[in-house]
Amino acid sequence: MNKHLIIDSAKCTGCGLCELACAINKTGQCQTYLARIKIWQEETRGFFVPMTCQQCDNPPCASACLMNVISKDPVTGLTIRRLEGCIACRACQLACPFEGCSYDYLQEVLVNCDHCEGNPECVKYCPTGALRYISTAESMDLERSAEAGRRCGLAGLVKGDRR
Amino acid sequence: MKGEKNMSKSKGYAGQILEVNLSNQDSRYKELATEFCRDYLGGIGFNARIICDEMPAGIEALSPENILVFGVGTMVGSTFPTASRTEVSAKSPLTGLFGTSNSGMFFGTQLKNAGFDALVIKGKAEKPVYLFIEDGEISVCDATRLWGKDSWDTLDILKKQYPGAEVALIGPAGENLVRFACIENGYYDAWARTGLGAVMGSKNLKAIVVRGTQGITPHNVEELIKVSWKARKLIETSPFFKPFQSYGSMNAAMPYGSFKALNANNFSQGCLSDWKENFARPKVEELTHGHIACQSCIIACAHWVEIKEGKYQGLRMKDMEVTPTVSFGSGCGMSLEATVKAAEMGQRYGMDMVSVAGVMAMAIELFDRGIINQEDVGYDLAFGDDDAIFRLMDDIAHRQGLGAVLAEGTMRAAEQFAGGEASAMHVKGLEMPMIDPRGRWSTWTLGILTNIRGGDHLRCRNPIENLRFNENKYDFQKERFGYDQKMYDALDMPDELKAQAIDLETDTVDIAIMSRWAEDLINLFNSVGVCIRPPVEHRIGPTILAEAYTAFTGIKISPIELMQSAERAWNLIKLFNLREGEQPEDSKFPHRFYEQTVGGKMLDEAKVQEVLQQYYQARGWDMLTGKPGEEKLQELGLCNLT
Amino acid sequence: MKNIVIIGNGAAANSAAETIRKHDFEVPIVMIARENLPEYSACALPDCLSGWVDRSKLFIKELPEYAQMGIQTRFGLEIKQIDTSERKLISDQETIYYDKLIIATGSRAIIPPVPGHDLSGNFVLKTVGDIDAILAYHVRKVVVVGSGNIGIEVAEALQIRGCQVTIVELMEDILPRIFDHEPAGRISRILIDRGIQVLTGEKVLGISGDQRVEAVTTDCRSIICDTVIWAAGVKQNVEAASAAGVKLGKLGGIQVNSFMQTNIDGIYACGDCIESMDMLTGYPTLSLLWPNAKRQGQIAALNCLGQKAEYEGAVSMVVEDIYGITAVSMGLNSRVLAREEIRVLEGQNRELYWRVLVMDDRIMGMQTIGISSGLGAVMALMKKRTTLSEFHRVTADPHLARRIAWYLPAQRFLE
Amino acid sequence: MNEILVIDYNKCVGCKTCEMICSLVHEGVCAQNLSRIRIAKNERAGWNVPISCAMCEKPMCVSVCPVAAMIRNRETGLVTVDEQRCIGCRQCVQACPFGHANFNPLKGLAFKCDQCDGDPQCAKFCWTGAITFEPIELSLIQRRQDTAEKITGK
């Protein structure tokens, strides 16, 4: 089962550790512009949303790419790029609704999240658990049981009658 | 390996057996051959073959050589009603024979969805570990932080860590190698009998966490849906359906109680005098509500119990099964509310409730008889003394004081006390269940004797047992049929055999012949993973199961062949037991049943032996020794294991 | 199915071939193309001209890859005739039979028949061959006729190479089909700042010279130059198809339905050679953009295989990199919407100028100059045809906005 | 839309038959993960809650889908996935506040309840009456009646 970065924005405090961890790990520089994950700041309204590549299964960035450098890895299911072919035309950035493609001005190419080979740095650094690296099935299970818990209320009482 | 499995292999099955050796953390994947599937079906059939093939003779049950097998029933994970059961087998530390137990809920579905029809565990881990199996991949994880925790606390941790997963685990009793420790299946269910939890504990294996997302492709979807509906309609029309849905297994205990055929105070009485007021229907109705179902079940015989007042106020769990209720309530003289508490403790500690109640009842009787005293125990024991019993339970689970002796099981513990044998109520080392064969002699009670796992009531049951008729005026060979022609016609049994087994004119059932049929039928159910609750066993026969099996797996099989596959597994287990040292004279009830009366009734040893011989004959076994005959083995394509 | 023949080797053709292979490992695929080259990206040609991208990097595939994918290639072959009754393709060398045909012949750049258009020194830029020709020619002073995206990019590329560049545009603004007056002016200023002469509203009347180009004459002046690069438009390669009875639309492209089917059974068409429906207006349009061609190729391939896939329509999406400054246009511009009642949301900050066109509460187009982050969201909202009131409903509620987080980056443009 | 899947989780016993039949009918596979209806359960606390699409009037899955692959039919009220458009970005899964939207990792597509073209198999196979397919008005009437009975104690 492929894992994904599941983002729970309710827990994000906007500390920016994920961005820094990502940038340092990928480029060796403490520069949040180089991060593949970005926190969308809604400071005045009191919430923060980390945004990154969603690893779509049929990614619009790949369809938009003028050089066909974006493809899906059949094994890991990740969206991968052949960086030497990238001409930095930014078409992928325009096609991606999720701010998933970021411009790496050191290499002059566009890059996206690659899950750090199955051990994402951002998840390791996240102090609040807003970022989790779990499978979609698991996140769906969690979501469903949270919903079920809400419906059943705190008492959690079963009221069914015997037939 | 991931994802490929589903495409090629035979349908219906997940197609692989996973073998883990805990000693070197090595895992192997074995593909299932179609012939193997047809011959052994799944569940107990797979377990029997794997254990017979791979376990050396005469090993110690708690040694690393023992093999623990989780065999998922074939139909599990389909829409077939009540198909949820998984059989777990190993050499039993309690009986030294084939140890096996069956449980439902969702573990089997998850294991199959994770890509495996069976899980074989060998060797022993150096330090406590648990297994995590997900979609064809297995990892051995450190369980040091879980070791010593009771099973519910462990489950809370694991279920949080792995949402949506199913967990099989042991409690402190299994860790402490209590010989009747069970493997818990989630919070409220267990593979309880024959001490499989101790085997798991001896392997330093705390839990098995399974999560599967792959799914199983049936051979013929439409046919499967059709046969599922058909089976469902059949079950719903059984006269046992409604009562079972309403009262669960307690339903059976009610008539049995009123006819004094229940264990009371270590089988010294036929039934408690206040049984009807304190245990029967009105009380059950008062305490229980709602339903809980296993995978694909349409009966949902389990209910929620909520104790609203008294000493155990606030206790809330799935319970009021007949087994803990009678074993603790009647067998140890506890109140109905206290049995719920005892069941909770049994679940938390991970102990087989029949066995722990049996061994405690023996201890109390020995205390009464003065063979053990307060000094040995550390406190007074008495039937009906809840607190003392709970304390003793705690001692047994942790092997403290007298508990260390009792944790060895009734048979072994009795040997430690002079004259203890007289109070030890077991068959082949396995504690007797709640039915007293003296109260009512029937196919069911003969089954306790012929059972391949020892003194247990769950492997043989007349599919048309008539609970209304307690009084058995016939000699030991017959029981009353008690139904009309319609019921006779509806029974799914080969005509010839039906005519032999049931005599409509005298309204009787031949116990020996029916025993054999019932055992094979239940073995079939345990192979394909269908529940053996009476409404199911009553209506679902080999004909519809063969239809369902073919629709699901695409393997063509006739009802006769299906029954033969079930019989094959039964014979194989018998051969295994003989190899492990089972003696013909082991097949007998505790002396008390032949010597003391309850309700003015007593068993006649000679007559019981005669029925037993008739049963052997019906099986094609040697009449005196109970050894499967050459002819039978050849018919089944088995060769002698020894 | 016997086989699928694809005419063309561009984005649409290759995307179709890849899609077919993804869904069907068996069916034989034949690809026919006039150029004997593997697939290359036409969009990167100006970058190659400037020297920023190496010529070898233009190629997306290598020739052996076709065989590896199980595609037979007939490159260097020009189809002269399509026989729809016998389902065969006739060229000078051979005849190829097809069961299903995908036409993805693309388009070619045109040189208008003005006097002197045949002198040496007249170029277009559409293929790798054109690049080679331009580079082989001694270019010093160049006039670029037309200022579509190719025109602007070529002008920039040649300016970077050290040429003296003049852009001549017939319309009032540069990039007339893509940008509105205001952003076009901004782009124009960038070009002028870099030393490119931009002449708008001028018509090229002729080219003078003896064998070689020496000057370009417009209705206002004469410009001394040695090279003319024509970026004045393209023509669809539909001659063979049209002769075979494939119906053309009013704009000159092959007419297809939303399943990329032509009027003839078994013949599909996609890419630059077709007239597709505009996603936003619903009217036929000639979309000459790479992503649209790829998507059309996919749709044609899926329908060819019998899976029903419907094309959602073409949408314009142009990214121009002008001396490191990104100019983006998506959707429609106000020239197209001239007759409609539109609302313009315009804004500017340190890093970005933006202009959003709103019609009927829906985003119809957007143009920006500057850093391009946050535009993907607007693009998606535009394609989804989300109304602004729905957008504001979502973003105004923190609970909804957190769940539908990708709306947030678009907020600053749409307030 | 008249009829919806009305779910009374007090009646659910957690047998998961609905999951099995749903995946069987839609995908030809017995797999919980491919079922459009899922039972969330907590064994310890003892609740079983069948969760399937509520067919919201203002569905968040439709709002969040960046490619308009989630479509709500104005006339029938059904919210469906257009598989050809779906890009598999899992936004609907994360956006649905109820955990209703599902995702098939093998196909890389979102999928959700389509009410089996007006004959929901889950409701058909549910023997407990926890899942019924009925007009919303009817279920409201029944619920009012139940509440009234509780209040009056009859």
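Letters A, B, C and D name the chains as they come in the text, with residue numbers starting at 1 for each one.
One rule holds for everything that comes next: a contact is a pair of C-beta atoms (placed from the backbone, for glycine too) under 8 Å apart; a residue touches a chain by one contact, two chains touch by 3 or more.
Keep in mind that what you see is a predicted model, and the values were worked out from it rather than measured.
Asker: Which neighbours does subunit A have in common with subunit C?
Answerer: The shared contacts of subunit A and subunit C, listed by label, come to D.
Asker: Give the identifier of the chain nearest to the protein's overall CA centre, each chain being represented by its own CA mean.
Answerer: D
Asker: Using the average of all C-alpha atoms in each chain as its centre, how far is it in Å between subunit A and subunit B?
Answerer: Chain centres of subunit A and subunit B, defined by C-alpha means, are spaced 48 Å apart.
Asker: From the C-alpha centre of subunit C to that of subunit D, how far is it in Å?
Answerer: 44
Asker: Quick check: how many Å separate the C-alpha centres of subunit B and subunit D?
Answerer: The computed centroid separation for subunit B versus subunit D comes out at 36 Å.
Asker: Can you work out the whole-Å distance between the CA centroids of subunit A and subunit D?
Answerer: 27
Asker: I need the residues of subunit D touching at least two other chains; which ones are they?
Answerer: Subunit D, residues with two or more chain partners: 13, 33, 46, 66-67, 91, 94, 97, 105.
Asker: Give me the residue numbers in subunit C that touch at least two other chains, ranges are fine.
Answerer: Residue numbers touching two or more other chains: 380, 403, 406.
Asker: Using the touch definition from the top, which residues of subunit B touch two or more other chains?
Answerer: 213, 290-291, 304
Asker: Once you've mapped the touching chain pairs, tell me: line, ring, star, complete or other?
Answerer: Shape = other; not a path, cycle, star or full graph.
Asker: Of all possible chain pairs, which ones touch?
Answerer: Touching chain pairs, listed by label, come out as A-B, A-C, A-D, B-D, C-D.
Asker: Enumerate the contact residues on subunit C facing subunit D in the complex.
Answerer: Within the complex, subunit C contacts subunit D at residues 302, 308-310, 312, 380, 383-386, 390, 394, 400, 403-404, 406.
Asker: Using the touch definition from the top, list the residues of subunit B that touch subunit D in their complex.
Answerer: Result: residues 3, 77-79, 81, 106, 109, 113, 152, 155-156, 186-188, 213-218, 221, 224-225, 232, 236, 290-298, 300, 304, 316, 318 of subunit B touch subunit D.
Asker: Which subunit D residues qualify as touching subunit A in the complex?
Answerer: Residues 9-13, 33, 38, 40-42, 45-47, 49, 51, 66-67, 86-91, 93-94, 96-99, 102-103, 105, 107-109.
Asker: Write out the stretch or stretches of subunit D touching subunit B in their complex.
Answerer: Interface residues on subunit D, with respect to subunit B: 13-17, 20-21, 23-25, 27-34, 43-44, 46, 48, 105-106, 125, 127-128.
Asker: Where on subunit D does subunit C make contact in their complex?
Answerer: 60, 63-68, 84-85, 91, 94-95, 97
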